[in-house]
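Listed next: structures, encoded as structure tokens.
Each of the two complexes below includes chain A, the first together with chain B, the second together with chain C.
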Partner chain A sequence: MSALIRSRSFRRGAFQIGFLALLIALIVAAALVGRANILSQGMATGFGFLEQTTGWTVGFSVIDVGPRSTYAHMLFVGILNTLAVGLLTLVLASLLGLVLALMRVSTNTPMQIVGGTYIELFRNVPLILQVLFWYALLTHTPSPRNAISFVDVAFFSNRGLTLPVPALSGLDVLILVAGLVVLAFAFRGLSKSFDLRQRILGAIAAFAALFLVLLLTGRAPEMPLISVPALKGLRFDGGFTLKPEFTALLIGLVLFGASYIGEITRGGLLSVDKGKLEAGAALGFNSSQINRFIRIPLAFRAMLPALANQYVWLMKGTTVGIVIGYPDYFAVVSTSINQSGQTLELLALLMIGFVIINYSIGFAMNVLNDRLKLKGRS
Partner chain B sequence: MVAETLPPPIAQSGIGHWFKKHFFSTWLDGVLSLIFLALIIWVVSAVWTWGLRHAIWTVENREACGHGSGACWAVIQDRHRLILFGLYPYEEHWRSTLACLAVIATMVLSCVPLFWTVWRLPILWLVGFGTFVLLMRGGFAGMPLVTTEQWGGLSLTIFIFSAVFVLGTPLAVILAFARRSSLPVIAKTTGLFIDIFRSLPLLTILFAAAVVVPLVLPDWLQGDKLGRVIIGFALFFAAYQAEIIRAGLQSIPDGQVEAAVSLNMPFWSQVVDIQLPQAFRNTLPSTINQAVITFKETSIVTIIGFFEVMASGNAVVGTGEWGQQYVEVYLFLAFIYFVFVFGLSRYGAWLETRMRVGHG
Partner chain C sequence: MTSKIGRMIAATAVVLTGATGAMAQDEGVLGAIKDRDSLLCTGHNGSYLGFAEVDAQGAWQGFDIEMCKALATAITGSPDKLQIIPVSWAQRFPAIQSGDIDVIIKVTGWTMTRDTELGLQYSRPYFVGPFYTMTRKELGASSIEDLAGGVFCAQAGTTVERILVDYMDSRGLEYEVLAFEKPEELRGAIYNERCDAVPGFGPFLSATRVEAPDPDAFIILEDVMALEPEGIVVREGEEALLDVINWMVSVLLLAEQEGITQANVDDMRANPPSATIERMLGVTPGVGDRLGLSNDWAYNMIKAVGNYGEIYDRTVGDGSRYQLPRGLNNLWNNGGVLYPLVLD
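Coming up: the complex of A and B.
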């Protein structure tokens, strides 16, 4: 018996079993207390509420929504809103971040100063404060009657940013997206016979042709080609209005995210071994060829893991939209908890939603990383 | 094919060459230089005119606010007590100030290499933190009791930040060692916990701590809302910090621990004397970065109803009296955060260069 206790593997096993038992006991205890509390407060349990209508609605949505929508539909709206602002942020912040990084690594002193000041200013102030600031700024702009206009086609008012848009129906947009997917596959398939520049130009031309055909055929005869906003009473008619909530959150996230992505990108650019750039110069590459074939591909590989982390962070950062009333997934779940009282179920859905979104980003970046990493090295 | 042979570079120096290289190396560079120089001059002069030259500084002149082209800093003079102290009783503001200073002194002292030992650092933080809580709470030596519901403003921000740091760091060490444990059950469970916490937004964790945890805890364990939120925040911080410490532990060569084992050093001594000092030292820049992020993220507690510095600033803007001065108030808040965060990150940069020198 004493030999058994002294045996190392027995102690290890017993310790782990004890740890697991304690963990399970804690979870069971929490579940029991939770059940008792929920029963004593007369709250309902289970996921049946997802089929019920909400009776309330949200101020911003990319798909149809109203007080008669079910909870399931409303949660879907929330996820789409999070993805809409989040994915747009990732694209725009990456572009701005790249510009900032190039400014900071250039030899041009005024550009370095502007890039460096921007990054220090925007990185060191909390995101939520920046979002509140932009929202206050946007909602203090004049009413539609006195809107700030750009050559009378785009208007900036306290209702948001109103822009002219091509008059396309929902079906047209769907066809365009499908066309884009087909083009993407064709783009890859043609890699043997055409070089990159030819393929990019071809893809742009094909997309523009598809766009024009849809614009000319898909509309009613008397409708204008482009829907231009015009003042009608107290609001704008036609065009497309970006709500101040969406715009403020997007501006805040992009400007904040770009300062971080800019630093990550700069780190990537600086990590490229100087000898490789000199080797390129010795082979007679000019500076744009060095950038395109040597520096940027190598920098991109080096910065990918940090970039993936930052993307996940920005996706999570969309939750601060609740302070200005942007109905993202968190805001919708929070309102649903207030309205339905299904706290535990909704919280579980909230966490599952974010875990799925962030694991997908991580997965996509890992796939990219595997495809890009230098072959022949472990 | 052989590329054409280029002439050897001409040796160049002097102010003229420096100017040419940094402003006009190509014609495109020259155009960009001029554009960005114009931008810099325009921004600096606009900020100067608006923020200083035409600004209104005192409440006596407040009628002029909103008419001129200058900033109205009178709002800060009028409401700085609300922004800095929140709902803390007016007569006791000196306590809040002293408490803040105690924690700031602790932060500054812990940046001094003299305190970087496994015992001095925790003791320093316990003393600084204890002073803070005693001063803020009071209830002895003639100081009236002020409960956490009345804490607010900058001192609440600093309290949350330091509490998260003090609770989260030991937790992070435990999590890091647990994840590296040779016992598979413990390593896997900890890994799952860390990964889930890292993929959730902080706001959802704080929300759960404030609203949901009371549902699954018996009454005697609930504590107050601030305490629960701080514990939730500390868990989130620990999940991130644990990965940083784990990276630091992995960077220690295996031979060191093997040497300790062969000297029959007890496990505790291996951890305290060999592994932790090096792990912390190797990861100081990332730790500072994490502290910076945590300081900025304390502003998120506003959303779940705490009156820290951002919420109190927002309350000033929310009143009709100063509603038009939102730019000034938000800039003042940004300035407060900027001072702390910029100081921390400069310190981190200094540390990085210092350590690079030390290691050759």
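Coming up: the complex of A and C.
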């Protein structure tokens, strides 16, 4: 017994187990006390309300929604809205950030000044202010009846940018997406027999053919090929409208996010050993080849952890959409709390939703990091 | 401590003098208000014009604030023994459940969900809110049907959202909803023409119109979309406080019906024209004992804030800049739906 106590590894293990048990006991006790208090105040009545219809609706949604939708459906709509603006932001902000970083590390002085000024300007103004600014700008435009029109098929007004789009059904879009995935696999499989240019042209041609087939078949004869917007009453009928709430939030997030991603990318680019670049030059690479084959791949590895952080941050930044009436997950939860009164349940769902979204981003970045890291080093 | 002893003596005195039965107990929130000698009532995060707004001197004004003052006077004897806690629409229910506020007086519609699922109970309605639609004159709409297909802006999380979709869907009209979290953002969207129409509570629309850069550019359509009875909310199980609130509202209405005003309440008390008024103003005992209040609570209250009509005029009616007609919020004998209970 005394030998056991004197054993260092046993003592350590016992301490750790004891600490863990204490921690669990604390959490459980807090949860139980909290639950008892909540129940005694009649504040929580469980998650049954998720099955009830909302009786209210939101103005922007990727999928169908209406006052007869359930709360569960409405929350899903909110998550999709958050993902729509968030994922698009990540892609666009990364591209813009890369451009900014290349400008700042270039030897061209005007480029350096433009890149530096941009970053200082957009990094130092609060995100919420930028979003409000873009929203004010986009809504202080003509009303639909006085819209700025481009040859009467596209219109710009304070209701957004309305564009003509091919008249495709939801099923058509699904087939197109599936086609895209199939082509991507075919593209990789054929790499041995064709060169890159042939493969790209082939893929574009195959996709265009699929698109045309869908447009010309399986539709009622009177249905037009292209839905052209036209002013009807108070709004534009037909076409696709990019609403100002979405656009303002996207612009704000992309411009703000790009300034941070630009700096992260610059740090990554500068971390690449100068000798490797000189080696590339010695092998006869020109500067764009050095960037493409040596600098960016190496820089990418160095900046992945910081980039993952920034991505998670930007995803959380979508919640400022609430100030301009964009129904993201946070806004939908907030309205649901008010309408159903299920404060604690909905706050829990809000947290779980964001943890899942952001953990997924972090997980994907970690997987990428593992696959890209220099093998043989730790 | 002293007030506790004082109340014990008072209670003993009441028992000894033979008053029994519905003697209210000083427990729960009503007791807490008396112990604290101050009422915790709802304000607003920002200004809900006409009902809870902050004036140039930084003081709270408005119809709901006057109701808070009336309740504070009824319980504590002074309209100043009142703390206005600013809460948003969304915070009001968690705030009352956690005890941060004693009552919700914040144009809160009496809905089944709130009444049954949130552990709350409502007083008799103290205000009946008609919902109208405001639009810009240049659109040339004369009814809500003319606005079909337009963008309707609403405040997120309020009953307006439901009323709008019910009204439009039941008539087969198309619409697009744009909901904002804060009234300032909603007003911005209305003024810069992002919306074609804004459905809302009549008083709110009048106030929004008055505040517009160009009030004449807006018109409130005559179609009534819905009617919402607004009640005062307390926690489930606070019967003593709820009794006080119901009788407070009733006395404000009775005072108006009987022509008792802030100005003439002293004369009325000196020469009561009827036995009911005599009882109401505490000349003969009973009106306070049964609620656990002092017998002159109604007198104090009318002295401090006036009767229902006076409060209305001062805050949202003809005496205010909002000029909201009394409409349904008149007494039953003037074409409205409000009436006092029987004070026997």
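The rule is simple: the second predicted complex is superposed on the first by the 297 of 378 C-alpha atoms of A that agree within 3 Å, B and C clash if a C-alpha of one lies under 4 Å from a C-alpha of the other, contacts with A are read in each partner's own complex, and residues count from 1 in each chain.
As a convention for this text, contacts are C-beta pairs under 8 Å (C-beta built on N, C-alpha and C of every residue); 3 or more make two chains touch, one makes a residue touch a chain.
Keep in mind the model is a prediction, meaning the values are calculated, not measured.
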{"item": "First, second, both or neither for A:A184, with chain B first and chain C second", "value": "neither"}
{"item": "First, second, both or neither for A:V323, with chain B first and chain C second", "value": "both"}
{"item": "Chain B versus chain C as contact partner of A:W56, first or second or both or neither", "value": "second"}
{"item": "Which of chain B and chain C A:F133 touches, first, second, both or neither", "value": "first"}
{"item": "Contacts of A:R159 with chain B and chain C, given as first, second, both or neither", "value": "second"}
{"item": "Contacts of A:F15 with chain B and chain C, given as first, second, both or neither", "value": "first"}
{"item": "Which of chain B and chain C A:L212 touches, first, second, both or neither", "value": "neither"}
{"item": "Chain B versus chain C as contact partner of A:A279, first or second or both or neither", "value": "neither"}
{"item": "A:V355 touches, of chain B and chain C: first, second, both or neither?", "value": "first"}
{"item": "Partner contacting more residues of chain A (chain B vs chain C)", "value": "B"}
{"item": "Shared contact residues on chain A - chain B and chain C", "value": "136, 140, 322-323, 334, 337, 343"}
{"item": "Chain B - residues contacting chain A, complex", "value": "3-4, 21-23, 25, 29, 32-33, 36-37, 39-40, 183-186, 189, 196, 199-204, 207-208, 211-212, 215-218, 292, 296-297, 299-300, 302-303, 310, 314, 317, 324, 326-327, 330, 333-334, 337-338, 341-342, 345"}
{"item": "Chain C partner contacts - residues on chain A that touch it in the complex", "value": "41-43, 45, 49, 55-59, 66-67, 136, 139-140, 143, 158-159, 232-235, 237, 244-245, 322-325, 327, 331, 334-335, 337-341, 343"}
{"item": "Touching residues (chain side chain C, partner chain A) in the complex", "value": "89-90, 93-94, 97-98, 113-114, 117-119, 139, 147-151, 153, 156-158, 161-162, 165-166, 169, 176-182, 185, 189, 192-194, 196, 235-236"}
{"item": "Complex contact set, residues of chain A against chain B", "value": "12, 15-16, 19-20, 23, 30-31, 33-34, 37-38, 106-111, 113-114, 120-121, 124-129, 132-133, 136-137, 140, 283-284, 312, 316-317, 319-320, 322-323, 330, 334, 337, 343-344, 347, 350-351, 354-355, 358-359, 362"}
